[in-house]
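So that you can tell them apart, the chains are marked A, B and C in the order they are listed, and the count of residues begins at 1 in each.
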Amino acid sequence: MARFLVLRLGLIVLTLFVISLAIFAVTEVLPGDVATQILGQGATPENVATLRERLGLNDPWPVRYLGWVGGAIRGDLGESLVQRLPITEMVGPRLFNSMILASFTFFVAIPIAVAVGIWAGVHRNSFGDRVASMTSLAAISLPEFVTGVVLIIIFSTTLGWLPSSSLVEPGTNPLTRPQILVLPALTLTGVMFAYVMRMARANVIEVLETNYVRSAVLKGIPMRSVIWRHVVPNAMLPTISVISLNVGWLLGGLIVVENVFSYPGLGRLLLTSIQTRDMPLLQSLSLLIAAVYAISNLLADLTYTWLNPRIRFA
Amino acid sequence: MTTINLNGAAPSVDESHVEETGHAPLLEVRDLSVTFHTPRGSVRAVRHASFTVHRGEVLGLVGESGCGKSTVAFATMRYLPTTAEVGGEIRFEGRDLNSMSSAELQSIRGDRIAMVYQDPGSALNPSIRVGLQIEEVLHAHRSMSRQEAQERVAELFESVGLPNPARIGQRYPHELSGGQQQRVVIAMALACEPDLLLMDEPTTGLDVTTEATILDLISELKDRVNAGIIFVSHNLGVIARVADRVAVMYAGQVIEEAPVRDLFSNPSHPYTAGLLSCVPAPVTGDGAVPLLRNIPGSVYPASAPNVDACLFADRCPIVQDICREQAPPEIVGASEGHPARCFFPERVNASIWGDPEPRRRRRREVGGTPLLSVDALHQYYGTDRKKFIFFGPPARRPVRANVDVDFEIGAGRTLGIVGESGSGKSTAARSIAGLERRTSGEVLLEGEPLARDVADRTDDQRAKIRMVFQNPAASLNPQLPIGHALVRSIRQARGLGRREARRNARALLDAVGLGGEYMERRPRELSGGQQQRVALAAAFAADPDLVIADEAVSALDVSVQAQVLNLITARQQREGTAFMFITHDLGVVRYISDDILVMYGGYVVETGPAETVLAPPWSPYTEALLSAAPIPDPDAEPSRIRLEGAVPTLRQPFKGCPFADRCPRNLGDLCDNTPPPMRVDPANEHHKILCHIPLEELAIEQRKAIETREKLVRR
Amino acid sequence: MATATIDQNQPSPLSEAARTGRRFLRSIRRELRYAMATTSGRIGLPLVTFYILLALVGPWLAPYSPTEFHLADRFAGPSTTYFLGTDEFGRDIFSRVLSGATSIIGVSVAGTVLGLLLGTLVGLTMGYVGGKVDEIVMRLMDGLMSFPSLLLALLVLTTLGSSHINIVITIGVVFMPSVARVLRSATLSIKTMEFVQSARIRGEPALYIVFREILPNTMPVLTVEASVRLSYAILLASSLGFLGLGVQPPSSDWGLMISEGRSHIADSPLIVLSPAFAVSTLVIGVNLLAEGLREARELPKED
C-alpha cells in the first residue's frame, strides 16, 4: 500500500512537471510581446525595454521557467500583469468560490445520481427506468451553457425567483447569499448527474448478469440482500473509476458555468486572463487546475484500491 | 439482451397438471420444454424432457453442447431469462415448481434445492469472504446466531475436505485455488442439507487431478447425504464415475434413460451408441489403437421448429422411412426401466457405427537427424519489467514457464505432450513456433537452428512449421472469408498465383470434408468443428513437415473431436506430416501419440515411446495423472492416487523436485531439496523419467498397486 | 521463378488502397445497419443524417445572408418573413442557425476524424509493438489526458489563435489520447487471438497484420468511439464558441449566438433558444446513435 502511494505520488509530480513544461512552452510561443501589450501601442521603446527588464522577459527561458516553478512550489505564483496583484492573493478567494460550487455537485448530486442509477439498473426496462434513461440521455447532450441559459429564462426572466447573474462582492462569501448559487449549481450538476447515473445503471446491470449474483439468488436470500450485499458493492468499483475520470469534465463545466453566471471563480478568472492576455495568471491557473485534477484522480484511485480486496491484498 | 427473471415471477406456463396423488418421487419432470424468444427468432433449448429423480440417487444428464442439459437444470431452479417460455411440469415432492410464487421459490432455493455450478471462480462473489457467503444461506433459511452459523460453516468446510476449516472462511475467493473454490461452492450448496442437489458441469474447467478429487468428494457425498442429485456433464467418463442412472439429451430431447451400467453396455439409441464409440478407448494389449468412429453431420439446430419426425434421423446409420414420418414415442423400452426415443432400440449396438480398424503406432526409426530437436529450452516471463517501470531491480520474480526442456520429434511421428494447466506445455509450443522469444536453448529444424522470433526465420523454415490452436472461433479472422487465410498461406509458402492458390485452397477444403463452396463463407456461419477443420486446412496449406496442435480438440464435443482426430491421422498416413499434439486429455493423447512427453511445473518429468510411458515404471506424476483420468466405463474401479494442493505458481524456483510437495511417493529430504536426475529406462533407452526413485523400484511398487486394485475389482 | 509469379499477381498499390477504402466504408455501413436494429439507433441515425444534410445544403436553404443587417426589423418576432425572428442587428435568426450548422458540424466532424486518425494510428501501433516504446508513449498520452479537455483546448487556441482549422487541430489533439487508449486496448486483446498468431506463423509482415487482420476487427469499438467523440466534439466546439474562442464573428456560431443573445433574453428569447434547440437535438441524435451502436454489439449477428 505504501509503495503504491509513493509510486502514485511520484507519478503525479512527474505529470505536473510535464504539464508545467507544456503550459510554459505553449504560453511562451504565443505571438506578441507582453510588455508592448501592457503599455499599449503608443509606448516608447525605452519604456518597453525597462518593463521587459523589470518583468525578467530578457532572461533565457530555462531561467524564467525555473523562477516560475520555484515560486509556485513556495506558494508564490508571481504577479498578474494586468491587475498588478500577487496571483496567490487573487486566486485564493476564487478557488474557494469554485470549490463551493464543485463540492455541491460532488457531494450532493453524485450520491443521488448513484442512487438513482442503482434503482434504474435494478428495475431495468421498467417505466421509471425508461424515463430516467431518456432524461439522462437528453441531459448529457445539453452543453452547460444551454442548460444555464434555459434555466435563466425559466427561473429568472420568466418566474423572477432567482437572480440571473451570480456576482459576488469582493471580500464577501457567496454562502451568505445562497440564492445566487442555486442556478449555477443546478447547471453544473445536470451533466455530471446524468453521466454518473448512466454509469451506475450500466454497472448494476452488468453485475446483475454475473454468475455470483445468480448464485446469490439461488441461495434463496431475499432480493434486498442480493442487491445491497452482492450487486451494489461490486457495481460501485467501476462507477468510482468513471467518476474520477470525469472530474476533468466537471472542471471544464465549471469554466463554462462560471462564465454563464458571471460567478467569480477560477473559471471566470481563467477566461479573463485569456481575454486580457495575462500570461502569468493564465499559466498559474492552468497549473493549479491540473494539480486539482491530478489530486482528485489520486483520491479516487485510493478509494478504488481500498474498496477492492483483490488489489488490496495483492 | 435478455433479462434475468430475478424475482421468479412465473414465465408463461401451461396450467394443465392434475393435483398429485399418493407417493411422489423427489423430482418429476414431465414434458418440459423451454423456448427463448429473441429478436431473431425462437430458440428451442429444451423440446421435450421427461425424467424422475429419487432420493439418494444420482441422475446423470449427459449430452453435447447445445443439447439443453444446463437449461433443464436452471429450469428446475426456475432461474431462466424473462424471454423464456416454459411448458410441461416440474414437480418437486409433488408440487409444481412452475406455479409457485416467488416467496415460495425463495424459501425453497438454497434450502430444499441447491445448486453447484460450472466455473466456481465466477460463482463466488469476489468481494465477500467465502465464509460469509455461506453464512448468508444459513441466515436466510435457519434462525441461527452468528456464532452458530460460523461453527456450522467450519463444519461444512471440514466435510468438503478444505484445509484449516476454522480459518479458511476468512479468505476471499481469489485467494483459493480452483478446486478449493469448487469445494466452497459445494459447501454452500450443502449448508441447509438440501433434498435435491443440482450439479451443472461441476468439474469442467478443472485440472484432471483436481477433477478426480472433486469427483471423489461427490461420490462420497452421495452416500452421506440423503438427497437426490442431478449431475449435468458432457463427459461420459465423469458420468460413468458418479451416476446411478443416466439420461442422454440430444437437440433438447431426452432420448434415452437407463441405469448407468445398462447404458454403457447396451445403449438403445443410435446417438448414445455413437457417442460411446467416439471416445478414445483404452489401448489393447498389443499396442494397436482402434480408429475412432464419428457421427456425421451436425446437431439438429435449436432454431429449427419442432417436427413430426426423429430429430436424429439425418445422422442415423439405421434410419428407416418411419423415422422421417413420425416422431418416435417417448417410451419404447428396450427393457423395463430403459426407455429410448427410437423405433428400433433392439437394432442398436456398437457396430452400427462401423467396426473399428486398428491403427498401429509407428516404430521409432534408428539413426538420422530428427525433424525437430529441442535442447535445454528455457522460457522465463516477466524478466523485463522493472520495479520503477524503466529501472531498478525486476518488479517480480520471473515466471519460469519452461525449464531445461529437451525433446525430439522424428519425421512423420506424433509427439503428444500432456500436463495440467500451468505445466508449461503451451509455452513450449509457442516458443518452438516462434510466437514467444525463448529465454535460452536451441531449437533445431532438420539440424538447422531456428531463430527465436518467427519473423526472423526464413520463408522455407516458416512453411515447415504450422500451428493449430484451441479456440476454433478465434482461429479464423471473423472479418474475412474463410478462403482468405488458406489462399494467403498457399501463396506465402509456395509462391503460387492467385488463381492457382484458390484452386489449391478449394482442394484443401475438400480434403477436410467441407467443399469449395465454403471459400466465401464467414467463420461465424460455421460450427465449432467446421471452424477447426478450416484451421487444420489452413495449417496444411503450406505443406508443413510439422503441425503443432495446441489443445486443438479440447473445445470440441466428442463426436466432432473424433472427426478432427481422424483428419489428423489421415493426413499423417498420407503425407507423412509430423505432429506435436498438446493436450490435457489423456484419452486423446493415448489415442494419437507415437511418443509422449509429460510436463509438470515447467519441467519434463517423463518422456518416451507411447507404450513405455503408458506402462510402469511411471514417474509418480504420470501415475497420478493416469489414475485421475475418468474412464467411460462404470465398472472401472477408480484408483486411489490423489494429489493434494495445487499446481505451483512457477515464480519460486524449485529447490528439489518440482513435484515434491504433491508427490505421493515423496522420499522426504532428498526429494524436497535435491533436483532429481533424469533416469533412463534400461528396457528402452528412449524412455526417461525425472525421479529420485530408481526405476526398478518404481516399477515394482506401481505394479503392486495395480494388482491390489484388480483384486478389489474382482471381489 | 516463384518471385516472378508473385509480382505478376501483386495488385497495384492504388487499387489496393481503393479496395481498403471500400472495405472500410462497407464495415461502417454494416455497423450502422446493426445500429438501425435498435430503437436508439432508429431515432439517432435519421436525426444525425438530417443535420449532416442540413450542414451540406443549409447555406442554400437560408432565405437571407446570415450576416445581413435588417436594421428596421431589429428584435422582430417570428413571422413569415423571418421564420424565427431577428436579433439585435436585425439579422435573420433562421438563416444564422442554418449557416451555423455548417460551421459547427464541419468543424466537429473534421476534428473527430483527425482525432480518430491520430488516435487509431498511435493506439494500433503501440498496442501491436508493445514494450518500452509503448510504455513511454502511453504515459505521454496519459499526461495529455490528465488535463481537462476544455482547458487544453483553451490553451491551444489562445496560442494558435482562433480559426476553423485551429479548432479542428485542437479537437484532434484533445481527442487523440483517449482514442489511442481505446484502440490500444482493443488491439492488445485482438493481438493475442489465434488468427493473428496464425498470420505471424505464416510470415505476414507487421503492416499487413495491423491493417488487414487487426484493424477491421476494431470497427465495432471504433464506430462507437467515433460517435461518442463526435458528440463531445460538438459540445466542445460550441462551448469554445460560447466562451468567445470559437468561430469568429461575423460568421455565425451557435455557441456565440447564445453568448451574445444572453443580454436580450428578456426581449427576444428566440435568439438564444433557436441555436440552443439546434445544438441540443444534434447532440441528442449523436448520443442516441452511439447508444444504438453500443447496443447493437450485444445483439447476435447474422449476415
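The working rule: a contact is a pair of C-beta atoms (placed from the backbone, for glycine too) under 8 Å apart; a residue touches a chain by one contact, two chains touch by 3 or more.
What you see is a predicted model; the values in this text were computed from it and never measured.
The most central chain, judged by the distance from its Cα centroid to the centroid of all protein Cα atoms shown, is B. When the interfaces A-C and A-B are ranked by C-beta pairs in contact, the top one is A-C. If each chain is reduced to the centroid of its CA atoms, chain B and chain C end up 47 Å from each other. Between the CA-based centres of chain A and chain C the separation comes to 24 Å, rounded to the whole angstrom.
Separating the CA-averaged centres of chain A and chain B is a span of 52 Å. Listing the residues of chain A that touch chain C in their complex gives 15, 18-19, 22-23, 26-27, 29-31, 137-138, 140-146, 149-150, 152-153, 157, 164, 248-249, 251-252, 255-256, 259-260, 270-271, 274-275, 282, 286, 289-290, 293-294, 297.
Residues of chain A touching chain B in their complex: 7, 124-125, 208-223, 225-226, 229-230, 233-234, 307-310, 313. Chain C contributes residues 1-3, 5-6, 8-9, 27, 37, 131-132, 135, 193-195, 197-204, 206, 213, 216-217, 219, 295, 298-303 to its touches with chain B in the complex. Only residues 140, 142-143, 145-151, 154-156, 158-159, 161, 231, 235, 238-239, 242-245, 255, 258-259, 262, 265-266, 269, 272-273, 276, 279-280, 283-284, 286-288, 291 of chain C touch chain A when the two sit together in their complex. Those residues of chain B lying in contact with chain A across their complex are 3-4, 6-7, 77, 79, 105-111, 114-115, 117, 119, 122-128, 136-137, 139-141, 172, 174-175, 185, 188, 388.
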